[in-house]
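Below you'll find the structures, each written out as structure tokens.
After this come two complexes, each holding chain A, first together with chain B and then together with chain C.
So, the complex of A and B:
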């Protein structure tokens, strides 16, 4: 039986954040694609079955919460786990993320080890490298 | 040359554009499309600034809110900039990012706010300020970002400022960036960001 790589979509308007997350997750064996805002993420999710979404909150065109709500809506309807990572650590930010449909909310900065560990936990059973 | 009969069309009956008062009352219409049309129709109306500023945070439809922000941005005045900047601290992610995008199109009025925004107690506001500066068409935008990189006490603000500066980074910025790494030696993302930037 051939296992397919776990597909991750990294969604962040900051190029350096995308590069950082992509670099860490690729080195850990994930197949990573990138989107620069929520709208691009939704478009990508309509054509590719991702196993994990790593989503920022503050983004132009479509923010992270709306992105996750759309990913969970009938329009996309993905059951894949969503990890939201943001600089926002106000009271209620995590609740807002979970209400939108995220599985986990973490505040930046997130260590490399923790990002990979969480990504593996969220995608357990979905193929390499879980 | 033969005679050409010209069939002149009857004058079209065109409705007069709605008055500013009509459009202002339409801002509270239950129909979001009418609210959006009103917001756009109030373009250039100075008397619409305060009513639009009053409503922008409470508007539930993103398309209407964006229309309000488009009309407000065209004024590019201190009143609009100050009225919008307070929403950089909003709990509504859609509002604060839309406001940041709007402020980034207001190079005449936003610079006067920057000393206060860069010094805001809330580091999330300072992160949003870096987002504004990333796109603000102003000759001093890069200088302000450099100030944030050099002086801000929060690593998330510094990395946001570095990311904003990224398209313009040259060898003259390398010392500034390495200084940021020295200030936050335990932040692996900041170190990664700087290494990526100086490559």
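So, the complex of A and C:
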């Protein structure tokens, strides 16, 4: 059975966090690409069809909320699942993420197991309607 | 060091630089929201990344800084210089910590106390308001787990001592049990190696199997033992380390109390699911169920809060519901459902009644009008674009190594010309010789391009050398009570990294000199009719294959009369020179060894090394330094350096059968004169060239090599120019000019000052390159 790898875009301005998420996900078998801010993420999403986005909230140039909104807007229009991972745990943050179009909001640090488990769960069927 | 920590340290260095620069700019331009935002973001990133490691003090301190900056950003506070000082102090402390982490992979013992002082200071302006409790919620605070039964594998005594220690320091340790799979060796897992990689390991013990097999059944390829270990490393680090074998590892965080409870016999029953490796999509796994519910709850929120859910969003929500449902063992076809049906499905899956009425939609909903426009603006802001550019951070040593290899390739390439010669001369094949030469020219072109490409990689902007000055000028001018504005121009000018690195010390010296001696106190300036705020300008421009760096100040300038008198008193110039010397020449006297204009050795500059050291280090780079000064209006020091010092052009000469290299930029001309034309003035040989008397130095004598020119032969003299003075070098033979990669003298030869380095020639010979200044000194002593 030939299976194309599940493509994930990790979006975070902190290189360390990016490395952490990227190495966890690529060792779990995902094909991971990186973007350092929302704008780069949107650019990447315009040329590549990702199966999952892992997005930080506070980033320069374009923050996570705007990034997710743009991914969901007609400009990009991807229905692929979006995980938002943030340092902030303030009331209203999660609602804001969901309003923007995220599928799950998690607070850093997210354990390795949980990140991989959720990523697998959300991409299990990959029956993502185009 | 594990790669994650290495990445963090590299990132931290960048962040610290941008925080420092940002804060200093803010002091000048306090209201700039963009700057506040930038510094805030750096502090925020710091906090987020540090949370992956066990650096609670670092996380707390950056959090405090972030809160203060957040208040400034939100307009609740105005940043004053006291706050800036505290912020700078906080980041200085962090810089010190990181140096410690680089060496020991943990924070220094004093971190807690130092952090507490600064946190109090940073939180001072915020008052006791609502931001304080947030500290308690910092993500680093982990849940203390109940003590597992396997702690019994540690020695009782050690557990006892550790419990006491953890209680007194109110800290925690992470305890892990790693039970490698029996067949792990066949999957290329190496438990021992893995264990040896655990950072900040406090204790380790072996878990023997419940029962050892009998010797007859013993299988040496089965891993039967496990490990328990205690470490100060953070959860993130452990997760990263054990990422290949998460199912074989169990980690708990325990404090002193928990350990004490264990020692008193209160053991929590071992959770069943932790003992067995959880299958990720097993619907029975409570963690999976929990995550699935979290996703469903998120979908519920999205469906509830949005009156009109568009097609893409609906598809995405449907997909996430389907995924969660599948994980829970409920396969449903959801893609064609509308919002109401989806809500129903979610409610059914969550087994709950609809959630309480919706809160008013957050502001993000209202302003999510025109995302396209935002993208365009983002692009317009960033025309050259970091967007999409891929930047690779490479270890400096790798680039150096690459450069060395290019040098060796050049040498090997040059060997072909010798081969071509011998093909013709020894083997009499002109055709072969020409073919080799053809090959050579192809190879030569590629090697040149390769060399240019590697040189280009080594180019860095001057801003690397300039970046430390805003801070330095700020701190020193405060200490001296002077009011100084630092202006930097042309920071984008590029130069080779070696040039930039070597430039750092001379620049610091020159800027300190300006600050200390050049710039007057504000009162003095006002009295002289100048604005009280002085200005130091650092500028860089590329000029052909050189870069020119200028340090200019509008201070008191240099008094040529005073300088001359001083030089005379110190015996640096003769009475005659004192009378006749022009002003420009006088100003340049400050570069002479042993000269210092300050009457008192001040705190900042003039610690024994003066401008002569600056000149020496600039000349070592193959550059020149000049100074112009006008009394009362200021001074300008100009450094001219080669853009790259990787390749040096040298002229090859020989004396006593031995070849030496002399940097081509020093060479003026080569002359041949009959032996009789060498004259003598006092003890010095001289030659008269176009009416000018040029001293001639016997290179062989200076280097103490046995050689005397044949009486009847013409004398071959190489005229070089040093500090504007012409000197002739008597040599045996001139050879060609070559491009060489100069390698510094190393090891025992490092003290051979008369040579500036060695270079390998194409025929395999090593060429010694002369340091002309030292050679002239030797000649003077030999005479």
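By definition in this document, the second predicted complex is superposed on the first by the 125 of 130 C-alpha atoms of A that agree within 3 Å, B and C clash if a C-alpha of one lies under 4 Å from a C-alpha of the other, contacts with A are read in each partner's own complex, and residues count from 1 in each chain.
The rule we apply is simple: a residue touches a chain if its C-beta (ideal position, glycine included) is under 8 Å from a C-beta of that chain, and two chains touch if they have at least 3 such contacts.
This one's a predicted model, so the numbers in the text were calculated from it and none came from an experiment.
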item: Clash or fit, chain B versus chain C on superposed chain A; value: clash
item: Touched partner set for A:77, first chain B, second chain C, both or neither; value: second
item: Touched partner set for A:19, first chain B, second chain C, both or neither; value: both
item: Which superposed partner A:87 touches (first chain B, second chain C, both, neither); value: both
item: Per-residue contact with chain A, leading partner among chain C and chain B; value: C
item: Partner chain in contact with A:109 - chain B first, chain C second, else both or neither; value: both
item: Which of chain B and chain C A:64 touches, first, second, both or neither; value: first
item: Doubly contacted residues of chain A, that is, touched by chain B and again by chain C; value: 14-17, 19-20, 23, 58, 60, 65-66, 87, 89, 92, 96, 108-109, 111-112
item: Contact set on chain B toward chain A in their complex; value: 62, 91, 93-94, 96-97, 100-101, 123-124, 127-128, 131, 155-156, 159-160, 162-163, 166, 187-190, 192-193, 196-197
item: Chain C to chain A touching residues, read off their complex; value: 3-4, 7-8, 10-11, 38, 41, 44-45, 47-49, 51-52, 137, 139, 235-236, 239-240, 243-244, 246, 280-281, 287-288, 291-292, 294-295, 298-299, 301-302, 305-306, 310, 312-313, 315-320, 322-324, 326-327, 335, 359, 361-362, 364-365, 368, 371-372, 374-375, 378-379, 382, 386-388
item: Footprint of chain B on chain A - complex, ascending; value: 14-17, 19-20, 23, 57-60, 63-66, 87-90, 92-93, 96, 108-112
item: Residues of chain A touching chain C in the complex; value: 13-17, 19-20, 23-24, 27, 36, 39-40, 42-43, 56, 58, 60-62, 65-66, 69-70, 72-75, 77-82, 87, 89, 92, 94-96, 98-105, 107-109, 111-114, 116-118, 120-125, 127-129
